[in-house]
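Input: structures, listed below.
Paired with chain B in one complex and with chain C in the other, chain A is shared by the two complexes that follow.
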Partner chain A sequence: MKAAARLSSPLLLGTIGLLLILPWLIGAEYYLHIAITALVFVILATSLDLLVGYAGLLSLGHTAFFAFGAYAAALLYLHFGVPLWITLFVSGGFAALIAWLLGLLVLSVRGHRFVIMTLVFAEMGRLIAYNWTDLTHGQVGLPGIRPPVLSIPGLVHIDFAYRPAYYYLALFVTVACVAIIWRIADSPVGWRMLALRENERLAEASGVDTQRIATTAFVVSAFFAGLAGSLYAHYNGFISPDLFYFSYTTTMLIMVYLGGKGTIIGPVIGAVLFTILPEALRVTANFRLMTFSLILLLLVVFAPEGLVGLIGKLRRRASAGEKAGNA
Partner chain B sequence: MDFIPQYLFNGLVVGCSYALIAVGLTAIFGLMEIANFAHGQFYMLGAFFAYWLTRIAGLDFWTGLAASVIGVMLVGVLLERTLFRFLRGASLSSSVLATIALSIFLENLALNIWGPRPQKIISPFESGGIELLGIFTTPDRLSMLFLTFLMVLILHVCLRHTHTGKAIRATFQQREAAALVGINIDHLYTLTFAVGAGLAALAGVLLGTIFVVQPSMGGVATLKAFIVVTLGGASSFAGGIAGGLLLGLAESFGAIIAPSYKDAVGFILVILVLLYKPNGLFGKRT
Partner chain C sequence: MLEIENIGVSFGGVHALRSVTFAAEANHVTSVVGPNGAGKTTLFNVVTGFQKPDTGKVVFDGHDVIGRRPSQIASAGLVRTFQKTEVFSELPVERAVEIGTLCGRHFPIWQTIWPGNIRRTRKTSAGEAASILQACGLSHLAGKYCSALSYGEQRILEIALALAARPRLLMLDEPASGLNPTEARSLGDLITGIRASGIGIVLIEHNMKLVMSISDRVVVLHHGEKIAEGDPNSVAGNQRVIDAYLGGNSLASA
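Coming up: the complex of A and B.
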């Protein structure tokens, strides 16, 4: 793990440099829009990876936490004028609280029952957002959520409605989130999650409080999904119950599996690729979801380790070939 | 309180379709240990096959029904022989994701072929209601009830008294031991899968005469069927049937209290069951 990190550090620096000058490279507003969307999905995919890839808990309700976060941010902004700086944390906290409460109920079961419960939970969320019209305006949705303005009199004045400015904001938030998620994954907490995934009984016998670690994974991943919801709401300016749709969860899962689950970096790559790919495949709009589902199907069956796993396999083969050549 | 029998009856009709879908799902889940998230798509395909055969190809209803059920069974066999062979013994998350992908694929295939507009299968009966013991009903609904009970009866007899039925029950209990005494597991899986798919298709055709047929109906059906399996317990046929009827009735009465939250009833039921009877209402202790 350490060696891999050292090897890729020039690559990492290069990527960060590229990300910083991106607005100059791709001038057009439309491409910047895709970049910001990709950043939001990077947070969603990496946080889902913590739950699915590390703790081995397949959740089909991840988008509900995203949507709950977005609604929290929207309502706080529209009713009380609370800016993004605060809604980021409140949205995350709100989603985490819901996850904790839900966890009390659903984390007592594993396997297919957990999967179903998370799916039904997201559906419940959509029903609430759809039917509680006094608060959410139902299907009409909530428009008018503005990006923040950073203003210190006489010093700086940045209006983040300016798209490149929001890009840097989103970049900063995303990098911070991914760094924190990475730290968690590569800490004793992350190792316990792996133990839970590999063999729950064995983990328990080795002194891991599996219930607690499952709750931690669930709550932390929900926190970041909620935070991403706030980042999205303030950017997009409009939210509706559609955010609860199952297709969002599917998209996130494809990103995780495409990149390689349980690697954090994999879902980052997956999220970027899978935000760009659909835009590039616009021509076949009718067959888009068919293509996606086919990709997911092939991935799960033939390349369950994703791109990161494939690259690793190729690299190992190459180094084995080198050794054979030297000998 | 006059309306109570009516709601009871409505719930029973919808519950029958849930039961038909859930029985196949339970069988596949219990026997092959694959959580098939594409199962509801068999229900959708059944309805669309029948719609296509009766409305476009011009067959009469009963021939269309039989042909569409057989067609879906063939699709089931094809899928079982290919994709589901791959998934046998795969981890839960792999099989869940693969079947979800299959489900999305089939739904969008239907969308591309038949379009998003809700369609209707023309009922073989004359339109017009029947009033029976103070309950208003239609012949379609009665035939739904009748055919479900008939199917359950046939299934029961087959499982109890035929050689194959006994083999299925044996495999249900102990797969390895069943294989050891010479039961051909592969054939059994294909058969179970085909029958499960066919029952879901039957539910789709019958409900398609009462409600509407559209590509998105499969995903909803999958969700409901899994709720039923969680309610009834994943290890018994009777549980699947009882769970289906229970969910249908609960939703029907939930609609009296809060119509817009009708679909939340299943969620609440599942939570209650998980809290108090984690193995399902009719599940065996593990």
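Coming up: the complex of A and C.
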């Protein structure tokens, strides 16, 4: 564990350095757009990992918390002019509250019944956003959600509508979120989630209140998804009921599983890679989605433990080869 | 320490337990024996909160535990193991035992965000887990995944995990099943050692040699009813017990 931390700290510092100078490296606004999108997905994938990878509760409704958070931010901004600094927390809190209430119902069951109920929940959310037109404008969606302006007279004036500025904002928020999620995952609370995933009966017999820990995982993961919804809404400026679509949840699950579930770092890599990859594959023109699907299939076959598992395996093989070479 | 009073459980008209009453004390090994289907595991499930009884009371340390969650009962110091081997398969042995040491401790989620708290908890848990693994002779397996252990090692690990929860009364459900004679003997030593440390033990076991050698008291269940209770020798000579076991393995011959 310690050795791994020592090994990865130069890598970590390098990554942070790279992320900080990214706007200078990639001039085009379009690339920064992809980078910001990737950051939003990093929060979504890591928060989902806490639920799916640690607590072992497969949710097909994660995007609903993202969407509810986005709607909360949009409505607060459009009606009351509440800026991002506040909607981040309100959106998170709103999603967490919904998760807590929903949890009273869906967390009374496990396995496929839980999976189906989360799926239905997301669809219900979409229908609410679609049909409550007085509030949400239905399919037309809500435009005009502005990024914040940080202004201290005589000191600073930053308009985050300027894309590189929003990039740094998103980077800061994302790093903070991942750091907190990491801490939770690596704490006694995270261990108890692992116990729930591994063996609920034994966990309960070992003093783990499995109902409570399942609720914690559900609520915390929803909080960060909702927060990501606010970060997205203020950036994109426009939201619609499409955010509830199952395809978003699918994307998040691909990031978690193919990145390496239950590792936090795996979903981070997964989120970055699977945001960039479909864009990078535009060079293949009409074959883009087909190529992407093929890559996914190959990964599923050859990296069943995700990219993190694959890297670990290759590393072990390399060190075994070294030892064989020395001998 | 533990008083079981008039416990009755029926599954769809079939009586699994019929007003069973007995008590278990600290520093004692109380064995519950009886032919298969006698209701022993059902009794364990009732006592540890996994099964609600139709009638009766379970009092642990002066508190009625019926209706509490299993985790609450475990946190109160009444910890069990399972008849079928249960481990946290995909976790390292030391992490599994560390999770056990968290039993009864409360961690508000916001506390986990401060580095200091985590470090302290980690240190305490790691220390406790190491000494328990040492006592159970599993230290050399600390870094292995639970699923990589042999069957016999897993059975000891289950006891280690239960001990990690700091029990005052430990309930073991057939810990010797599937163990070879050597493993069963060292299990007997382990149980005797646990009793010597002041922890009460309630034992379900079919290995009569083990039962007769380590029990202070034996309770015999048959068709959900208690048919005998006493010290091992008096129970072994009891006519109703001999009848119940007739055709099976007799206590007297063990």
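Going forward, the second predicted complex is superposed on the first by the 305 of 327 C-alpha atoms of A that agree within 3 Å, B and C clash if a C-alpha of one lies under 4 Å from a C-alpha of the other, contacts with A are read in each partner's own complex, and residues count from 1 in each chain.
In the analysis below, a residue touches a chain if its C-beta (ideal position, glycine included) is under 8 Å from a C-beta of that chain, and two chains touch if they have at least 3 such contacts.
Note that this is a predicted model, so its numbers are computed, not measured.
Q: Looking at the overlay, what does A:S206 touch: chain B (first), chain C (second), both, or neither?
A: A:S206 sits against chain C, while chain B stays out of touch.
Q: According to the stated criteria, A:F246 is in contact with first (chain B), second (chain C), both, or neither; which is it?
A: first
Q: Between chain B and chain C, which makes contact with more of the residues in chain A?
A: When the residues of chain A touched by each partner are counted, B comes out ahead.
Q: With the two structures laid over each other on chain A, which partner does A:I184 touch: chain B (first), chain C (second), both, or neither?
A: Second partner only, chain C.
Q: Between chain B (first) and chain C (second), which, if any, makes contact with A:P304: first, second, both or neither?
A: Only chain B is touched by A:P304; chain C is not.
Q: Just chain B (first), just chain C (second), both, or neither: which does A:R192 touch?
A: It touches chain C, and chain B stays clear.
Q: Touch test for A:V90: chain B only (first), chain C only (second), both, or neither?
A: In the superposed model, A:V90 contacts neither chain B nor chain C.
Q: Is A:F292 touching the first partner chain B, the second partner chain C, both, or neither of them?
A: The first partner, chain B, only.
Q: Which residues of chain C touch chain A once you look at their complex with the stated criterion?
A: Touching chain A: residues 48, 50, 69-72, 74-75, 79-82, 86-91, 95, 98-100, 102-105, 107, 109, 112-113, 115, 118, 121, 125, 161-162, 164-165 of chain C.
Q: Spell out the part of chain A that touches chain B in their complex, as residue ranges.
A: Residues in contact with chain B: 52, 56, 58, 60, 105-106, 108-109, 111-113, 115-117, 119-121, 123-124, 127, 130-131, 246, 250, 253, 257, 286-287, 289-290, 292-294, 296-297, 300-301, 304.
Q: Which chain B residues qualify as touching chain A in the complex?
A: By the definition above, chain B touches chain A via 29, 35, 83, 86-87, 92-94, 96-98, 100-105, 107-109, 112, 219, 223, 226-227, 229-230, 234, 260-261, 263-264, 266-267, 270-271, 274-275, 278.
Q: Where on chain A is chain C touching in the complex?
A: 180, 183-184, 186-192, 194-195, 198-199, 201-211, 216, 220
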